[in-house]
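Provided herewith is a single structure, encoded as structure tokens, for subsequent inquiry.
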């Protein structure tokens, strides 16, 4: 087989966050972000689906060993964000608003550096079962 | 970030329908649509996943405010189809056969008019957990 | 092993129904049942979970052969209700209001007759993922 | 039917929390609660399943109108806990450790007061898909 | 709180098995167990839900620390059965037919020994999403 | 409608397999494939999602009749792989390592021959809820 196959690994992490724009008033933030702007934070069980696309190795039949991929996600994403307050405990969202769109982009950028350039990458992030995002689109 | 992110919102509605072609005999409809052509209707819990793709606003970090998107779906799709008989209670399927393919296309056309032209749109519709459709393909 | 084990089999069916009390006015039915009283019906993907409890056969290790149980459910419940209009196509709900409570009770009574008296029976019925019932309670 | 049927309603809320015992050192809390004791909080999508058991009304076929039950949960539980920091924003967990066990008990006590004494009540709470609790047991 | 709360932990393992009775002919086994008696085995993703019931500790609010419970399941159940052939790789099912009923009973007996006598135990095992068992019933 | 719609059908099968490269030592296989290389096999509940894309028939509103598609999958894929040992019972994986990547490719090639050339095809295969693949990528 010389054609590309996509392989997906689903992981999860639990985090607190608050949506707000630095420099906006509380009223502005409440109007734009509603109850998501609660100054004391709320939280989610984030489900993360990492999609890696490449040509399977002709001998092993693997695009990438899923235990390798899982370890990369564990080390570079979960260790950074699991059971954390995204606004207070991470440098990535110290000033960047932790919307699902921004989180999925940040996770993509982190993982992109850890994967071989021959592999394509896409990341989907579920904030709830009914709200989710994907990058690249 | 100047690249596109996709954001998804899942909603649901419950409806009755019957699959049949106007002008066909009962035998023809039964042969083509099986028990789905039952003249007294049957029904489904439809799960709807709306995908909107665009460049996140650099200040808010939102492609689109999900409560805005949810309201649009509520007002233009759910208010029209939820707890309805698609064949008898809607003008869209008065003569058009309410297959999943036709329903997803109709919902796409409804939502396309309500969204800014800068945003891409795709709709997935689950008729059951095992049967679903997507438009555009 | 001489102790009881419970075994569960999940099946599903799709049906249309309308909630209303014969003899009430449309206004009374609308007030009590809301959009569920739509005269043209709406519908659901019903998920049915049948629980049978008994002492496993010491040789086979089976409480009941699940393919036998599945056939019983298929023949006595699904053949009667799948892709049907519960109000119009079934004698059980010709005058009985097809609430989830009444449906689960009717299904229990049907299945109780088909199972050996040494086996205990319980039925759970999901009308949607968020609304479900169980009998006996 | 004069026998009891159980009816279930599933709702959800998102909240932040931190597990710790007032008066313990950080080391003690970390040893007992691990990363759940992060002083800056983490969060969850809590799924709540409320089970109400009673004899269906012989006319309507309802144990309780689910839209009534949903409103009770909305008003007395979700309005209090959704998008909140359980430790900082609620009086219930100002000093009580918000473990799943304690949360489910508190929710039971809240709902018990709102339901007719003829109805039995049980509450299940999912902190994640893999960790959940039920009261009474 | 001096009343019992139930806490659940879900784990999973993947295993191969074959259903057959030693001493029966291939025809007898095929008639009773169908394709599940394939001599070369087939397999499942088993989902295991362990329910532990007890009075929460008044200080910590825990019935049992879930990371302790998860470790017990990991060490005594998953290490024994995950990625194994139940018939060939385990002493428990060397002669006992690995039906879901027998597996759930064996797992219960294993875990019962590892938990404090003050705690009640119940085990549910999903062989597939549609076929599952529970012990004690 | 002259535009393409995608229609999906989800089916499942249970199978045993073992990952290993013929000609490698046990140590090499263990290092690469871990517990998946257990010589006595393990197994999975494989969930298969078949996506067929085409222009709906203007009269029936169907891209393809789902009962036809389901029968094709049943006859050509499930009859071959369900309740089988992929390594021992199938010619496809007699020498080809049954990784998810290789299985999804083999299923694609089987189904591609059975569908009209005007229809596009894509196959997704879940080995577990957390590990899955798709071809073409």
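Labels for the chains are A, B, C, D, E and F, by order of writing; each one numbers its residues from 1.
Everything below uses one rule, namely that a residue touches a chain if its C-beta (ideal position, glycine included) is under 8 Å from a C-beta of that chain, and two chains touch if they have at least 3 such contacts.
This structure is a prediction, so every number in the text was calculated from the model and none was measured.
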item	value
Chains touching both chain C and chain D	E
Homomeric contact chain B-chain C: same or different residue positions, threshold half	same
Taking each chain's C-alpha mean as its centre, the one farthest from chain A	C
Reference interface D-E: repeating pair among B-C, A-B or E-F with over half of contacts shared	A-B
Centroid-based (C-alpha) most distant chain relative to chain D	F
Chain centre separation in whole Å, for chain D relative to chain A (CA means)	28
CA centroid of chain C to CA centroid of chain F, Å	33
Shared-contact residues (touching 2 or more other chains) in chain A	129
Full enumeration of touching chain pairs	A-B, A-D, A-F, B-C, B-F, C-D, C-E, D-E, E-F
Of all residues in chain A, those that touch chain D in their complex	12, 14-17, 35-36, 38, 40-45, 82-85, 88-89, 128-129
Chain F to chain A touching residues, read off their complex	19, 21, 32-34, 96-102, 104-105, 129-137
Touch list for chain E against partner chain D, complex	1, 3-11, 53, 56, 59-63, 65-67, 120
